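What follows is a single structure, and I will ask about it in a moment.
First chain written, first letter: the chains are A, B and C, and each begins at residue 1.
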Amino acid sequence: MTISPSITSPERRPVRLVGLLPWLFAAVVVGYAMVVGGYAATVVSFALIYAVFVTGLNLFMGFAAQVSFGQNAFAAIGGYLSAVLTASHGWAPVPAMLLGIAAAVLVAAIVGFPTLRLKGHYLAMGTLAIGLITYEITVEWQSVTQGYMGISGIPPFGIGPYEVTSDRGQLILLSLVVAACAFAAARIRRSRFGRALSAVAGSEEAAMALGIEVARYKLLAFLLSAGFAALAGSLFVHVVGFVSPEVFGLHMVIVTFTMLYVGGIGTVAGPLVGALIVSLLPETFRAFKDYQDLAYGAVLIVLLIYAPRGLASLFSPRGRS
Amino acid sequence: MTRLRLEGVTRRFGGLVAVDDVSFDVPAEGVTAVIGPNGAGKTTLFNLISGFLPPSAGRITFEGRDITGRPPAEIAAGGLVRTFQLVKLFEDLSVLDNVKVGCHLRGKAGLFAALLRPASARREEQAVEARSRELLAFAGLAAMADEPASALPYGRQRMLELARAMAAGPRLILLDEPAAGLNTEESAALSRIIRRIAEDGTSVLLIEHDMTLVMNTADRVVVVDFGRKIAQGTPAQVRADPAVIAAYLGTGKPSADKPAVQEAPHG
Amino acid sequence: MADWSYIPQVLVSGLGIGCVYGLIGIGFCVIYNASGIVNFAQGAFVMLGGMITHVLFARNGVPLPLAALIAIAAVAALGVAIERVVVRPLWNRKATMFVMILATLAAQIVVERLTLIAVGDQPKTLPVFTDRPPLMIGPVAIGYQLIWIVGGSLAIVAALAAFFGLTRTGKAMRACSINREAAALQGIPVSRMLALAFALSAALGAIAGILITPTQYTAFNVGVPFAISGFIAAIVGGFGRPFGAFLGGLLLGLLQALAIVGFGAGLKNVAALSVLLLFLFIRPSGILGAAK
């Protein structure tokens, strides 16, 4: 006789409800931005784009416990391909975005093979180098990227004559994309594939001993993460209509890590919650842009020391010891 | 029928010969034990068999196929699964999920199955769930299925590692000191479980210091000392073998030969 | 487009920047050997060395040598502060290596931004230490600042060799790098060694920054590129080998100088980073083989 696990132990019910809190928080924030529109909508839109990126980062770093300081490279590839193809070559946004994602995944496959064999600080520095090389190329390859000037006049998303130009339209579109990403992450987590990633995270030796091809799963998580990054990069350029090298610079690395740790690394809701909180906090201070990165850096250090599992882990149904 | 055959297997570390020209067969039936004093090269031998170290010389065949120096995941996929002397659980996962990871080789769902969840993937997942719960019950862990693995007491962690390895459906399971750190009662329970695994058709090869466990559980014993095989036979034969007695006299009585100092993990 | 007759001249200036990369690389090794930590805030020390000297000298009229000494001491103090506030708490919590790297990178950003707020984003520079026309050796001009850089770096390398080889403290630090547990059992105060390593490494970074600033400029954001070049130097030399790192720095400096002739100044960082990737993929243990 089998009993459904949800009713075997009564104390599990409140846990389930607590698990919904992060989503409720996100829904309230997005709903508010939808009603107010204007600047609030812009800020929340950026947060949602970051959420896509951080969701991908989390697959690689949270689920599989690998290290990459260079995922901004893939956002840059996705973003610039979208920008160049649409603004300079008249492509429609959707095929440009798909090509951008494909290109980023392809590049990730090429650099991933040698890079993922590295360990520890070699891997950290190797991936950081890949991010910086991409940045330098976006600066220097002026005939295509227009250097520091950046590319403007990038069309908004749309299919045929229908374009998403309004704040609210963009918010709805981005919310759908983020929901799809979170759904994908949740499904991956509870699957054979996701369990293999957790195994790689837990003990590579034990994973190997159980027949899991560790190198292959690391690479797959890396490709997946690169795909999310490219999607975020492409979303950014079409929502803003402009791209420059600074968008995908070292700033992005620090901001996204802060988001990942604020929200809770390894959780499904963490990336979204982290992206929203980290994007909104400076705004509530009405703050000066100069202090932003300073605050991100300081918050990140404090979190790493005092709450290495992030805020969403407080709501996570599976308590960590 | 021979399940595993070692022919002249040797492993050198620099000038040190950790495993020196060792040959023996592991038959399909029953439990085979490798014993020997601390530092005799038993764990190195296991690492060679399971692919974690390539041998310097010699040949290892599993069910007639040459597996010498193949990668660990491939050897596991071929039906030869090991456990570790220092338990290596996935501590952040629940007890149940640990065993589900063990089912990895029995499934084939990939990334797209994870995202789209077609009917075949759902069926596979149900089978994994059922088999994992069955194995937890077998290992006496059914009540703790949803606990994080790190919350289990040590003895239970060992049982979990065993259940997880069995989930892979091996035809030969290598157990690296499964009784290390267990009390007498737990050790006796472990002995029964190992016998049952063998009776259900999985060959067992174990390394052990706990002589009571070996004498009660093993059908055949291989004795190594200084990396060389010095004796082989039934537990009774081995116990009476002068070479074995001599080897153990240097390090104390066999029954008292609990490892006082664990070999420190490297790194 | 490349004019190859410049090559000797280019190599000479590459030698100068190479010494600086080498000093920074040694800084990485000193901390790594004492603790196993790779300190990604290394660039902050380089930037602050030049910046603090500039502020003292140009704004407050402190004589240049004194300004430089104060800057070195201040940066060493900052090194200890980062060790106490960021690294030590994580160390005590047995944080993973990745968390440690991320935290030190965050510390780098914090220092960078504080500097931006304090002095603005305009590039600053220092006067050359000896203001005389360059020495001419055939067609090659050798500026006095280059002599300062190379001479100063060599003097520091020699001083370090003496420190590690002759003094009790230096030997104790080396013992820590060989085996921390054994060193602790010998009564060596391992945690004080960690603070000392950060101070030493920060001072090295500051000196590198002060030496190089007169030939180029310093600004709040020059740290990360310098740190990466220093890291590459350390990798090329075999990570954890201080003198290998110096050699690696020289090689990198020369290579980068050639890359500037070949591909233009814009791609010099790409060239350096490509060297890094090449080494990581093909020979991660460096030309001399990594320590331990």
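Following the convention adopted for this analysis, a residue touches a chain if its C-beta (ideal position, glycine included) is under 8 Å from a C-beta of that chain, and two chains touch if they have at least 3 such contacts.
None of the values given here were measured: they were computed from a predicted structure.
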Identifier of the chain whose CA centre is least distant from the whole-structure CA centre: A
Chain at maximum distance from chain A, centres defined as averaged CA atoms: B
Chain centre separation in whole Å, for chain C relative to chain A (CA means): 33
Computed distance of Cα centres, chain C from chain B, in Å: 49
Where chain A and chain B are represented by their mean Cα positions, the distance between them in whole Å: 40
Touching residues on chain B, where the partner in the complex is chain A: 50, 52, 71-73, 76-77, 81-84, 88-94, 97, 100-105, 107, 109-111, 113-115, 117, 121, 124-125, 128, 146, 148, 150-151, 164-165, 168
Complex contact set, residues of chain A against chain C: 67, 69, 114-115, 118, 120-122, 124-126, 128-130, 132-133, 136-137, 139-140, 250, 254, 257, 290-291, 293-294, 296-298, 300-301, 304-305, 308
Chain A contact footprint on chain C (complex, rising order): 38, 40, 85-86, 89-90, 93, 95, 97-99, 101-103, 105-110, 112-114, 116-117, 224, 228, 231, 235, 239, 266-267, 269-270, 273-274, 276-277, 280-281, 284
List of chain A residues in touch with chain B within their complex: 5, 184, 187-188, 191-196, 198-199, 201-203, 205-214, 220, 224, 266, 318-321
